[in-house]
Each structure stands twice: as structure tokens, then as C-alpha cells.
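Take a look at these structures.
Each of the next two complexes has chain A plus one other chain: chain B in the first, chain C in the second.
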Partner chain A sequence: MLKTLESAVPVACWSCSVAHNDFTLFCPHCSKIQPPPGGDYFAVFGLEPRLNLDLPALEKEFHRLSRKLHPDRFARSGEHERQWSLADTALLNDAYRTLKDPLRRTEYLLKLRGAEIGEEAAADGNSRKDPSRAPADLLEEVFELNMQLDELREAHAAGEESAALESSLAAAKQKFEALLAEVDRDLRQQWQAWDAGDETAREAAQKAMMALLDRRRYLSNLVRDVTGTLGA
Partner chain B sequence: MAYSDKVVDHYNNPRNVGTLDKNAQEVGTGLVGAPECGDVMRLQIRVNPETQVIEEAKFKTFGCGSAIASSSLATEWIKGRTVEDALAIKNTDIVKELSLPPVKIHCSVLAEDAIRAAIGDWKKKNGAAEAAHAETSAAK
Partner chain C sequence: MADGRVVGIDLGTTNSLVAYMEGDKPVVIPGVDGSNLVPSVVALDPIRTSEPGAAPGRPTVTVGNSARKALIETPERVIYSVKRLMGRGLEEVGRELKYFPFRLADDVEEGEVPRIQLGELKFTPPEISAYVLRQLKRNAERFFGQPVTQAVITVPAYFNDAQRQATKDAGRMAGLDVLRLVNEPTAAALAYGLDRAKEGTIAVYDLGGGTFDISILKLRDGIFEVQSTNGDTHLGGDDIDNLLVAIALDEIHAEHGIDLRASPGAVQALRKAAIDAKVRLSTETSARFDIELPNGDRYQREIPRAVFELLIEPVLERTAGPCRQALADAGITPEQIDEVVLVGGSTRIPAVRQLVDDLFHLRARGKRPHVELNPDEVVALGAAVQADILAGASKATEEMLLLDVTPLSLGIEALGGVVARIIPRNSTVPASAIEHFTTGVDGQTNVAIHVVQGERELAADCRSLARFDLKGIPPMSAGLPRIEVRFLIDADGILQVSAREQRSGKTAQIEVKPTYGLTDEQVEDMIIDSFDHAEEDFARRLLIEARNEAETILAAVERAPRNPLWQQLSSGEKEAIAKARDRLAAVKQGTDMAALREATIVLDQATRHFAELMMDAAVSSAIRGKTMAAAGENLDETVTAPHPMAAAEFK
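On to the complex of A and B.
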């Protein structure tokens, strides 16, 4: 797992030998570019892991660092510095893309905290051994919504061009999107709880966020399918 | 990602899509989901109470091609087997048959879970009935 700021280990700058923490892109002493740091994406921006981020400030810092790291500025530097400017830029881009997106940021933070997320992590089926990850009532609800949508889609595919069908589909889309918006509201509440909480509160918030992200995936599939049907 | 021919075949011609009466005594229903990708799968079996043989199997899956193929294949495999035989089917058998890539292995896990859930539901319905029957006969 990646290290976070709290566990910063000092390393010596390759250029001036003064020790600095391992998470910085530039030596605080001599300002020389450093090899890709060993910290997490938050640390790239000098931040503690947080779910509520000041996005305009993040964007500004991203542009500032992008300019400082730009390979053009290292065209006449040594081989190492030229390579580091490329590697650091790639890291900065990944970090920014992940942190600016609310869902990716949430999933990233949960992964940092040891959660298994994603289809690769699913291969062992561990998530289904945890009953809180697949509550029966959620499955019933999602299956039922899918069945309703399926009926509408079949009628649609059969060329039934009734205004009633179109409006049922539109209503279904609205319903799924409303459910999704509800999940996003709940997620934001858990962000607050995580950011402000102690370790116990964070554990609880993480559990709640995992459940909300699961629900969100079922619902966003429904939104995707209904949108696809309406667009077809 | 390219799907194997067998996945494409099951996807285009899924076997045993449908619904059985979930309230019927001899029907077991398994409803499972993969929270990682949002797939849901329902698998149902109708078991002959005399022989314990699964005489009918139906499924309905909302998900990717691999999930549909895995459940379609699962219904083909369990039909005609006894309940105990069906429990011997492993997700790795499905992975092999369909040549699923690592990222889709969880679809086969989902199908195995669905078989187990359906059989579990059937056992609960009928085991409970048997136990109740045994109790009443013991009371006599």
C-alpha cells in the first residue's frame, strides 16, 4: 500500500544531500526536481487524505506543478532530471485525474485504507462473502427495477412506438437518476463524517461508503441501460 | 476486450432464460449480485422431490456478456443432475469452459453462488418441511 503523509520517511536530496520527506516533487532546500515520490496522490499536492477538497485550489496547484515539471524546462538538464520530469508529470496527471473526480477520489481513498474495489479485486469473490456487500433487499429492488426496464426495452425493440412507452421509459430514467442522486447525497454526508471523524468514525464512514458505492454501481447500470434504450 | 466464441454463443442464444414460480414447493430461487460491477443474476431450479434431480433450471441475468454466459452455462450443466451433484460445480469449471479472462472470473463466481443460493433456498423450503413432518410423526 502507498504511504501517506503521516508516515513520511526522510530521504536525502540527490543534489544537495539535505534530508526532506519522501513525498515532495522538488527539494525544499535546493529546489531541484526529485524522483517520483513514494507517497499517495494527496501527498503529491501536499494534502492529507481528505474527501472534501477545494477543487479550484487543486486545479491551480495542478497547473502550477505542471508548469514546474514540464519536460521542456529540463531539456538541457542531466539524463536523470529529464526522466524524472516525465515520470513526475505522469504521476501528477494521474493524481489530478483521480482526485478531481468525486467517485474516483472516494474509491481511491478507500483503497488507500485497504478496501478491495474493482473487478480485479472481485475475482476471489470475497465481497460476496461479506453479507453487508449484497443485502437481499437491495438485490430484490435492483432485480425488480431491471425487470421493469427489460419489459419496456423489449416493447421498444419490437418497434412499439407508442407515446406511452416513451414516457414510461423517461419516467424510469428519472426515477433511476433520482435514486442515484440520493446515493450521491448520502456519499457526501459520509465524506464529512470521514474528514471530521476519529479512527472509529472513519471506519464506520468507510463501511457506509462501500455500501453506497455498491448501490451506486447497480443504479448507474440501470441509468446507462435506460439511456441507451431511449437513445436507440 | 474480446469474448470467446462460447461466451458469444451463450450471449446471443442464452439457454433457459425465464422464470419459475418462486412460491412453488419444489422450486428453489437464488438471487445474487456482484457489487463490483452491478450485475444481478437470478437462477431458479425445479427439483423432483422423489429423485432429487433438477428437472428444470431457469435464469435471468442483468449484466455483461460473461455474466449472462456463465449463468446460461450453469443452467445447462445443472439440468439433469441431482442437487448434490450440482453443488460440485465449481466456478473454475465455468472459467475453463468459457475461457474467461481474469477480469471476468467474478462472473463465474457469481454463477456458482447463484447455484448454491438456489439449492440453499430449495433445501430450506423442503428441509424445513421434512423436519416439520418428522416432528409430527415423532409426536404420534
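On to the complex of A and C.
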């Protein structure tokens, strides 16, 4: 069953009136479906916020809850139960979609902790540097790469072959992919630090993860551009 | 009513079917002519002015096989492949109609749901589909002997919000409570996965008459979890027919100086010949066009399969991209696909099977695609399984659950016309996203939001879904209101929106202006069959309808011997017809519905060969440019027999 969380607000079940905490999808007393609970995505699965998750267990729980919550199970129920089934299943699906993906999960946890994530947040540009700018250690290579990309696009437009350029870009792509893998390794290390650490350690890990996510976003855009241009 | 049966309906581009669960097995419900397939063809009936059970003031229409013959006879009163027009805007429909003989009503305006001119009347695409659905509903009611008001309807997985909503609207107009829209490839997977021993990853390749879908699913413990889906709602067997027809028209023009494009009846006859040739080429290495032209010349053309395959290669190649994208989105390689299921009549084409084999490396791995279930029926069978799941009353399906995805990303138009994606494609539905909006001007009381669907960067390149106007925002300084808008894609893949202004706690009003679609009131006005007939009314209506059908077929049989084609029947066939006729005449006035129904089917089947002979004659006379009225005289009007055309089953 779902874990009872200490901060939970007691509410009465609509069906049997027995009080339960606000984080449950079903009444522990009469098992009836409840309106969408107030907790976060981790709470949907009865989990504390964590970055290392047991994915097969998460999938199993997702399937178990789907069987109970899905609108298909309420096709002939009353209007309220149908609406709650829809809202609860949407919450379950949103939670699973976010938590099963390492990057979405990391971003979500950081957001829960008050961080502003993503390109829109960064574009406001108040606290951090503009992520559309190349990380300092890559400046030179990115400059070179962009020149080559432009050349290749021009060659494509003119209908010319440019094998040398393409192989050089392919090599660059490999290098940046390796850098991406490195970022992912570093991120995983920070997960460990966050999951195991105290509040001070978590603050430090969060800061590191924010920087890594920016770097990752930059690199993956770069790889996407190169792949797109090579494929065109 | 809550305990009534839930049927599964495949509302197809070319053919439609209705099915139900008989015990632990899904079964297709045949029409009165004994055929499982109801051609998705609707003809406006020019003769009869009323019909039992029809609401007063409603036009009477013919649906299915009997409507198909009108395609050649009175093409301006017939519409088919209407699924290609569902949920589409004026411009798109205009583009689409280039390939079809029907035309838009003259007074259609931009921003309205386009209406098609049919004889003297005008219909929206959902209304036309509603007539097909009503026919299926009646077939099911006749079969069960009780009203049917709840259904599951299938749609192409790649259908967008507007196309889904249009399908649901059609259901409501037909007097059906649509409990769920199910994606066609997923339905096919349900039909195949009924025996729960199956586990693993499967790909469903669905090439139908007008749409193409690819879905990749993971099966485990009775849960069918869609991983990714892709497709093209504008790609199918119709495109192949169009290619063949275009070539024939060009060659006839070049070689014989005759432009048949101007005569819709002749184009339809040519289309029928093209479809016949296409179907033959699936089993034979060559097919032949042989058509008599108005000037007495013959257009003869041999089409070797190799030429046909070269011709259709560009069409088939268009299915490869979506397949590769679906694999990439599911994060798997072709080798990780355990099974491939083929759905849709067009997958009978050997070149399609070859392409699927190449895409998923099947032969190399000693595998073959699944074709055990009839590709024309498998979607309807799956819809019946889903209907059974929803009814929740059966052991066969109690462990089964379908988790489907939204095929297209949902986004909102942000500053500069770029799309901010809020629900990515291939998210399991229902799915939701919450966005916050604020005002840009002091005292501003409404905010406009533009919702789009699609994968492109710019809103202008995506599909416009709807424009929402958040109204009644309390006047505050710019940027102070905080309006929370919740976007929810439900299990049918249809968007719902709700909003709240958080500082004042007021629920903001939303005015939804769907970009392509009917309002609730419009749908209400278009209802052609309402849910609530009393039981005895219903039984009476069934009996009257059955008697009318019997009358029509008996009258046609009475006239048949005067037709010269009658002589082509064997004496055995004539005897069988006479016997079936006498039996039907005997039970006609009784109240035994089952006997009446059976006798009608027997007579209909006994006359099928004759009907086919008449149909062939009608086709050649249409090509020769003879009007059907004149042909009708020659044929002594026997062409009005209820099922003069062979069933549309392309085996």
C-alpha cells in the first residue's frame, strides 16, 4: 500500500467518511477511488524524493496502479468517480513519465527544491549565465564546428559533395557525444551525493546538477544540429 | 440501459464493421445481406421520401453495398471515403476533393466545418459518418433484437484532436454513447493478444484505405502498453487507386482522344476496374484493364505486377519514415521487435509485405508477420475486446488493460510564434500539464491562448487546435494575476481545458473556439437517431424495417426474369432463387423476426450471382457513357434491388 506521509492533511473519504491522509489515491478503509491527492510525483508511488530509482519496481507499481485507476475501470461508474479516475490516472501517467526518465526526473526534483529549470527560466537570465553560450572550455571547438556546419550547409545548397568536411564533422559529433556521456556519468555521481547527503551536501549537489544540466542541454543541441546537417 | 451491450465499431475509410464479444471470443455482426463489411458509402435516396424510424424532415439515405451501386448511377448523390475529410478545415477539404467526384457546398465559409453538396442537400463529414454508424447500430440491434446505445469506435492512431472529436460527434449524431475512442493499431493488438500467453514487444503496421499507422507496444501480464506511435492520416489504398485511375484517364485521352474526367460516372467505373486490378495483382503476376469506351473503342491495358510495384513504390516508401521514427521514439532497434502484426486491406499487397520484412528484418530472423486474423476485420474484433473491457463484466478481459499514447505533441503558441511544448508526443494518456499565464497590460481582464498539436518549432507549421479566451480576470496591475491553466488529454486523446485565477481564487471562464469542429449545439441539431426509443417502439420498428427489406428484395426478384441477364443463370440457381422467394413470401407477414431475417439473407445470397452480373453490366454501360436512366430501362429497373453489388470483401 501507499506510504503515509507525515505532512499529509487528513480529509474524509467521500464514500465512507472515514478520514485518511490527502496523499492517497484510494480510501484505506473502503478502497474507493479518491480525488487527485496533493502530493508530488514521488508520493504517487509512495516514494520519498530520490534520484536513484529502481525502474523495474517503478514500472511494476505503475502497472498495478493503472489497473486500479484507469478510466476503463470506471466506464460505467458515476460522474464523480469517472472524473477522479481520469484526473488520478493523468497524475499517475504524468508522474511515471517524469520519474522513469533520468533527465526529467532530475529536473523535476530540482524544481521541487525551488530551482528554475529549462531554457525559458534561463532566458530570463537573472541568476545564471545564458546557456545558449558555449561553455568556456569548449569555446574554440564550438567555433570551429559552427564554421564547418555553415560550410557544409552551403555545400549542400550548392549540391556539392564534401566528403572531407563530413568526416571531420562526424568525428566532432563523436567527440561531443562522448562529452555527453561524461556529463551523464557526472550527473549520476551527483545523484548519489544528493540521495545520501545531508541538507548541505544536497545544496552542493543541486548546484552541480544545475550546471551539468545546462552543459548537457548545450551539448545535445549541438549534437542534434550536427546530426541534422549531416543527414540533410 | 447501463447494462446494455457495448459494441465495437471500426469506422473505416473504405469499409466499416461492428463486432461484439460472444463469450470469450470477438465476433463480427453481419449486415442483413450476410456481409461482415458495410462499405462506408452513403447515398442520398432520390425516390423514397420517408422511411420507418426516420425522424420527420430527415433525408433518407442508403448506406453500404446498396449505396455503392449509386456511385456509378448517380455519382452526384453519393459520398465515400468521408473519413479523409473528418475534422479537416476548408482548405484541406478543398485540396482533398480534387480526387473525388463530390464537391463542397457553394456557401461554405472559412472557419466553418465544410459541408459537402449531395444532391439538393448539404452534409458535414460527421453527419455522413453518422449515417454509416447508424447503419452499423441497426445491424447490431437487428442481430441482438434489442437497442444498442453504447459503443467503442476506432480511429487511426495518428488522428489529431479535431479528427477524434469529429468521430465522437458522429457517434452522438447516430444515437451512440461513445464510451471510448480506441486507436486502430492498438485495437488490432488487443484482438491478437487475447490469448494472454503473448508477451514481448510488437509492432502493428496498419495500412488501410486512407490512413497509415504504426504502433509499437509492450505486452506484459495483460497490460498492452503503447510505447510509440506514428503515421500519416493521408496515406492508403485510395492513393494507389488514384494512381491507377490517373494513368488510365491519361492513356484513354492520349490514345483515343476521349476525356472521361468530365463524367463522374465513368471515372467511378474506371475506379472500380482499378480496384479490381489492384486486388488481382496481390495474387496474380499480371492484371488487365479491358473497358469499352463511348465511341465503341476498347481501352486495353496489361499491368504486370513489376510495373505496378514500381508505380506504387513512392506511396509505400512513405510508410517507412513513420516506422523508423516510431522505433526511435520507443528507443529500440528493429531486432527488438518480437512480432509484427499486419492490419488493413492494403497489407495484402506483396510489395507491402516485402517492405515490412525489410523494415523489421523479419526473414533474416526467421520470423513472419502475423496475418492469421482477417486484416479487414481485426480492428473491429479488437474494438469488441475493448468494449468488453469497458463493460467490465467478463472473465475473458478482466485482466486486460490498454495504455495508449497521444500521437502528437501538445503545445501553446508563445512569444514570437514559437511553440512551447507542454505534453510530448507518445505520452501515455490521460496526460496533463499545468501552465501559468499572466497579463501584459494593467487592468487586462482576458488572456488569449492558442493551443496547437504537432512537432514543428513554429505554431504556424503545427495544427491549430483551438483558441482559448480566459475571461473574467479581476483587473490588476500587469503581471500580477496568476492564471493556472490545466490541459488534460483524456483517454480518447481529446483535449480538455480548465483554468483558475490563483490570486483571487476565481475560476476563470474559458471560451473554447475549436479551430476545426462543431459546437455542442450544432451537434445537437444534427442528431439523426436519438438514444431513447421505448422497447416496444423498437421492436415494431425492427419488424417494419425487416418487412420493408423483404418487400424490396421480393419485388426485385419478381422483375428479374424479364432481364436478359437472367438467362445467364443456371437452372439450379433459378430454382434456388424460387425456393428462397417462396419461403420469404410465406414468413413476410408473420411476426417471427428471426425467420424473416433468415429468409431474407437466404434469398439475398441466392441472388448474389445475378446481382454481380447486373453490376458488371452497369459498370460497362457507365463507361460507354450511357445514362443509368437509359440503362435502367434496358435492365427493367432491376438495378434497384437492395444488394446488387457483390460484397466489398477483397479476399
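Assume the second predicted complex is superposed on the first by the 186 of 232 C-alpha atoms of A that agree within 3 Å, B and C clash if a C-alpha of one lies under 4 Å from a C-alpha of the other, contacts with A are read in each partner's own complex, and residues count from 1 in each chain.
Convention: a residue touches a chain if its C-beta (ideal position, glycine included) is under 8 Å from a C-beta of that chain, and two chains touch if they have at least 3 such contacts.
The structure presented is a predicted model; accordingly, all values stated were derived computationally and were not measured.
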{"item": "First, second, both or neither for A:Arg97, with chain B first and chain C second", "value": "second"}
{"item": "Which superposed partner A:Ser220 touches (first chain B, second chain C, both, neither)", "value": "first"}
{"item": "Which of chain B and chain C A:Asp150 touches, first, second, both or neither", "value": "first"}
{"item": "Chain touching more of chain A, residue-wise (chain B, chain C)", "value": "B"}
{"item": "Partner chain in contact with A:Leu179 - chain B first, chain C second, else both or neither", "value": "neither"}
{"item": "Which of chain B and chain C A:Leu139 touches, first, second, both or neither", "value": "first"}
{"item": "Doubly contacted residues of chain A, that is, touched by chain B and again by chain C", "value": "120"}
{"item": "For the chain A and chain B complex, residues of the former touching the latter", "value": "117-125, 127-128, 133-134, 136, 138-140, 142-143, 146-147, 150, 213-214, 217-221, 225"}
{"item": "Footprint of chain A on chain C - complex, ascending", "value": "2, 179-180, 220-221, 223, 225, 386, 389-392, 401-403, 420, 427-433, 488, 490-491"}
{"item": "Interfacial residue positions of chain A with respect to chain C in the complex", "value": "63, 66-67, 70-73, 75-76, 86-87, 89-91, 93-94, 96-97, 120"}
{"item": "For the chain B and chain A complex, residues of the former touching the latter", "value": "31-40, 42, 60, 62-63, 91, 102-106, 109-110, 113"}
